[in-house]
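What follows is subunit A paired twice: with subunit B in the first complex and subunit C in the second.
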Partner chain A sequence: MKVSRLKTGQDLKRLIAGHYASAFRARYLRRPVAWVTSGAPVELLRAMGVLPVYPENYGALCGARRVAVELCEEAEAAGYRRDLCSYARLNIGSMLSGRGPLRGRGLPKPDLLIAVNNICHVVVKWWEVTARHLGCPLYVLDVPFVPSGREVTAHQLAYVREGLEEMVEFVARHTGRRLREGRLRRVLALSTEATLLWRRIQDRRMADPSPASALDMFTSMFPMVTLRGTRACVSYLQRLDQELAERVAAGAGPVPKARYRLLWDNIAIWFAFGLVRYVHQRGGVFVAETYTHAWGEYLYEAGDGHPMEDLARQYSRILLNVGLEERFRRMAEAIRRYRVDGVVFHSCRSCKTYSLGQLVLARRVREELGLPTVVIEADMADPRNYAEGPTRTRLDAFFEILEGRLDSVKGRGS
Partner chain B sequence: MSKAVGVDIGSVTTKVLVLEGGRVRATFARRTGSPPGETAAVILAQALGSTDGLPVVVTGYGRVNVPFPARDVTEITCHARGVHHLFPEASTVIEVGGQDAKVIRLARDGRVLDFAMNDKCAAGTGRFLEVMAGALEVSLEELGSLAAEAQGAVEISNMCTVFAESEVISHLARGEPRDRVAAGVHLAIAKRLSGLARRVGLGEVVVFTGGVARNVGMRWALEQVLGREVLVPEEPLYTGALGAALLAAELGV
Partner chain C sequence: MAMMPAESVGQQVLFLRSLVLNQGEHIEREKARRRTPVVGYLCSYTPVELLRAAGTWPVRLNPGPRSIGHADAHIQSFACSFARGVVEALFDGSLDYLDGIVFPYTCDSLRAAAEIWQAERPGLFFHFLNLPLRMDGRAAAAFLREEFEHLGRRLAEAFRDPAPALAGELGRQRTMDGMYRALWARRGSSAYSAGDFLALAWARESLPLEEATALVQRLLMEDGGASHGGRPVLVAGGAVEDPAVLDDLERCGLRVVADDLCTGSRAFAYQATTCPDPWEALVRKYLDRVHCPTKHPAEGRIEHLLRQVEASGATAVIFLLQKYCESHAFDYPHLVDVLRQAGVPCMMVEIEQGSTFGGQTATRVQAFLETAGGEVV
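On to the complex of A and B.
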């Protein structure tokens, strides 16, 4: 049975609207707002009653609504180079011009800024620019990279923990809010619950047909990113899990007769979901994405564990802060668990941390796991770095490889 | 005798190849123009009258929505097929056309293992060479032989077509001999192609095809940079069309 939209998509819309509405309303409610990077330990902020807002998520939204180019151009006119990450460019452009897709203006000014360098170093400079422009206090949390073949060391844990404590002091100083341990434990428990649900949701995609493809998951991950640690996130994920369970029971999915189960690497191309639909047409379905799986990592030990140490460990181990060996290990595990037939690598012009090393990963997938791979060049938000025709040709060739030279041509009706 | 037709609609040139009883009966090449499928339709009508009932495979950038019945297969698969037919031991295919360049890695049985393409800009393609020939005020053929016979080469560091053109002009203004500049241009492209080739892994037997493979300077430069012999089919322009025709014959579509 073919299904197109998730019913929980309505809930999702409401959550997204609600999240941004609270950002616009926060000032009147006297709720402090922090702009945070996607790898920020948001549980601490939630526990302190600070509302986190994610400019990167805003970037995804601008990409999907196709306003990224005009905002990027504002930044480019101010001297920011086109090589800079498009999330950074479009946010800076929005900040400089006061324009944006929500309520006809940019995001409301935050009370404080928190950047963590565990995803990339672009965010540090980007947040510094923002701090200077808006005159906002900024805290930069340093989370050292975890090289291949090494666990997070005790030294690193102690170092990051100190940083986290300093960050809490910083937030307290600028908002007057204190961190209470009981509240933090409740938030961490909610984060853990959401993570476990997210993993269960992902695992439903082991079914054949897969009850969800990349289109569903790229959007459904929104609450995992922005609402982690809240009750609303957990109850949304429960409904999503329920819906996918029903789909599996009914043998339903977006591509019921898919011949190829695929894995997607890197950020979504927010303005070109048509490409995923094209993959569906060609008989492929995405059963896993490294990008959506990256949000299934926030497990905190209940009870006695030291929450700060837990946070230090989890935020050190996120996907873009670990060596290539570990990234390959996680990818290979997903390939095995979700019975993947081929991998699509989106080489993202903007995101160097995510894209560097993909050629090595692709070679290892081909040589060690024997699966075909394809690299497509694009950008998550800026369509000027993307060409539809050549990208389709690459995907076509990928399917021809998947199908075997002759069957490919025979298998496709004329 | 049973016929099969391969059509390769490139961004610059449309190639048509007719196979009969497994042999090449006829080849045609014309500028593509727009809409891209039109030229191919005209060639087919003139050459064959009607293609009704004939197996036709169409490839190249203009392969979708052609105004005649045909199966479409990507140029990657078709070039691989064509090259494997001509050189069964080939393991790497370097194909350079008017506006793109690609490298294909072949398995022993001719299957495509992997490929890499440059299709975003004119650097390292036929278009790039055309611009450089213009800057040097020579024909494309002369450009190639100048390079192949040059004593030494200048360094061209810019790969952007526009910047490289002004680099060429300033070399000439400084009194560099044209052959050394021509050699520099070809070596610059060859280095870029070698980078593309290393992405998919360079095999033992390298075959160079596509319209640009007719250029002797390009072959010379590739051999310099790759450090091994580079094979070129007799009619490199038609490799994609040949592969398409072979696929058409096999499939009987």
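On to the complex of A and C.
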């Protein structure tokens, strides 16, 4: 099936190339570079003139360009077990070998490292390995988990806020750059603007046909991850929003006659986008992903509020740092708003925080919301942990259930 | 009447080995006799003093060797067997005797196991204990104190206010831990096997405190020492659930003279400072201890490992790593580098719940001992 791609895809390519080029240029411009985890409070770094680079995004890039295995093998040869996170392994492998898909090299070396445990514990261990190997200063921001049945407590906020203050001191000590509140507020305002745009873009997918599928959104989220808090991010999202608005007006979308509106849970399988195309062939279209929606959480109060408090709150409540109850609530809300017919859970061997707990969520979706679900086991970057045939077979069975449900609805209606 | 048979200390150690693997059977019987609520916990960062001060009997849960059936519907196969065993135990009825459970936040897999317990066992006293990940953070002590006080408030609601008895419980635990350190310092010349010592470490965390204290006291007096020989090694790693795993190791021709295991001495290796405020003392105990790889920074543990190698006379280190345990696996290559630079050969054996050494692993260990050189005592 021919799937029409977004015109803004070209803008996106330029943005990605520009981002990595600026990371390589940074040392010549004496601009400090920090390797950060995807849950890092990047607004603080941007406000201090530090360029954030995301090894996880680099992991996605390596996965999509199918160079992950050779890099993972470098790490495995150095003693890192194959059951460890593939993003970590391929980054370690790239760091050890100096090889990678960016002009044949890996990421440009950082001046400092920032890890935050609000997405998983693994990133802290991975960043420790990186710090030892590169001899680079590391700061770990500790953001406690928000278990089911508990809100973000005042003492938790105070703890994270203190950690943020400590982080600012750390960055200042290693870069000589100070945090200016006015600049921070401007960056936060840009983050908020981007988040509101991202939400609007996602909301356009409520239309039938949906103007975008997971194929578009997994790649379009790049600026929300890596460029949050910049004008470039906002400009790109404005163009993307415009394009989706035009598609909705024209009744156009990647799968114009989709029969099933689906939700995807977990990180993309970067090397197997063919699987999403297969879903399209079977008449399904992903109208929402918990993964891409997770980037719509960064709303900061305008005005005279306390930016540090605000940052502490937002970075405590991100998807992988809240309990299953809240994850189910957010999933159920997406299912309702996007009129989802079924859920595909990618049980990702590399990402335990995202994956363990999915079987509970899947059962609740079936029992409480009455929707069919399917769990497919794979990996976001390492194709050795993926079997295309059995995965398609599972999807086939899932579509049979969806079909049966549709027929019974029609039967009742006739 | 005591929980343990009052016969020879050797028989008591045998009982402990049975207790480790059949907790439910023994504890359920003893609970009926004592009429004390039992609160299970999953890792050595649980403030057992607080649980005891609340009038409960804290028992560190050992999923132990068990076949996984029910858990497959709730947690994927790529979680470690320890986490999967904990979930299995939720459904197979073996932990029905519990009055409560406390999950400290250690790693991503146990967090998931905690979430499954919380979702599937409503009505049971359940507490997720948040811990700082960064033990050297400026606000770590204040945060941990608040988390401990929060647990204290919840225990007060469910059982009894722990505040009045906390100082006393801290003192009793401190005394027992001192004895455990003394016993561990002598293990190189002990008549007891590494598996026995593992059972003793589990006993510290699952026997009623007075019985554990009496036992270790007796061992300190009666263990005349008649070491069975073998090359002295240190074993390091995560949770080892079955004493037989260590005995299998020793049968390969080595003698475990020290350990750095989650279920071994790591929990009591550090002598906590005392302070007049019991809450402060509780915080310092858990903040200043030897940390496991789920905590940052990691350097303290590396130093502890090297010191232990030196103090115990270990000539090699055997890492026993649970399959799928990421925290330990990330540290492993660095630890190997550091140890090898210090002239200490090391090897890794991957373990899973219920696994015993097959012939292949035994051959690997023997080959390692032969090629690693050094004098075999």
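Assume the second predicted complex is superposed on the first by the 401 of 414 C-alpha atoms of A that agree within 3 Å, B and C clash if a C-alpha of one lies under 4 Å from a C-alpha of the other, contacts with A are read in each partner's own complex, and residues count from 1 in each chain.
The definition used in the following text is that a residue touches a chain if its C-beta (ideal position, glycine included) is under 8 Å from a C-beta of that chain, and two chains touch if they have at least 3 such contacts.
Please read these numbers as outputs of a predicted model, since none were measured by experiment.
A.B. asks: Once the structures are superposed on A, label A:401 by its partner contacts, choosing first (subunit B), second (subunit C), both or neither.
C.D. replies: first
A.B. asks: Check whether A:109 is in contact with subunit B, with subunit C, with both or with neither, and answer first, second, both or neither.
C.D. replies: A:109 contacts neither subunit B nor subunit C.
A.B. asks: Quick one: classify A:31 as touching subunit B (first), subunit C (second), both or neither.
C.D. replies: neither
A.B. asks: Based on the superposed arrangement, let me know which partner A:393 touches: subunit B (first), subunit C (second), both, or neither?
C.D. replies: first
A.B. asks: If you tally the residues of subunit A touched by each partner, is the higher count for subunit B or for subunit C?
C.D. replies: For subunit A, the partner with the higher number of touched residues is C.
A.B. asks: Is A:359 touching anything from subunit B or subunit C once the two structures are fitted on A? First, second, both or neither.
C.D. replies: Both: A:359 reaches subunit B and subunit C.
A.B. asks: Given the touch rule stated above, what does A:117 touch, subunit B (first), subunit C (second), both, or neither?
C.D. replies: After superposing on A, A:117 lies in contact with subunit C but is clear of subunit B.
A.B. asks: Would you sort A:277 into first (subunit B), second (subunit C), both or neither based on which partner it touches?
C.D. replies: After superposition on chain A, A:277 lies in contact with neither partner.
A.B. asks: Pick one for A:377: touches subunit B only (first), subunit C only (second), both, or neither.
C.D. replies: both
A.B. asks: Do subunit B and subunit C touch any of the same residues on subunit A, and if so, which?
C.D. replies: Overlap of subunit B and subunit C footprints on subunit A: residues 359, 363, 377.
A.B. asks: Which residues of subunit A touch subunit C in the complex?
C.D. replies: Contacts found on subunit A: 78-81, 83-85, 88, 117, 120-122, 124-126, 128-129, 132, 140, 142, 144-145, 147-150, 153, 155-156, 158-159, 162-163, 166, 323-325, 347, 349, 352-353, 355-360, 363, 377.
A.B. asks: Once bound in the complex, which stretches of subunit A touch subunit B?
C.D. replies: Interface residues on the subunit A side: 359, 362-363, 366, 372-373, 375, 377, 387, 389-390, 393-394, 396-397, 400-401, 404-406, 408-410, 412, 414.
A.B. asks: Quick one: in the complex, what on subunit B touches subunit A?
C.D. replies: That would be residues 57, 61, 69, 71, 73-77, 80-81, 100, 110-117, 119-120, 199, 201, 247, 250-251, 253 of subunit B.
A.B. asks: With touch defined as at the start, can you tell me which subunit C residues reach subunit A in the complex?
C.D. replies: That would be residues 73-76, 78-79, 83, 105, 107-109, 111-116, 118-119, 128, 130, 132-134, 137-140, 142-143, 146, 293-294, 296-298, 323-324, 326-327, 329-334, 336 of subunit C.
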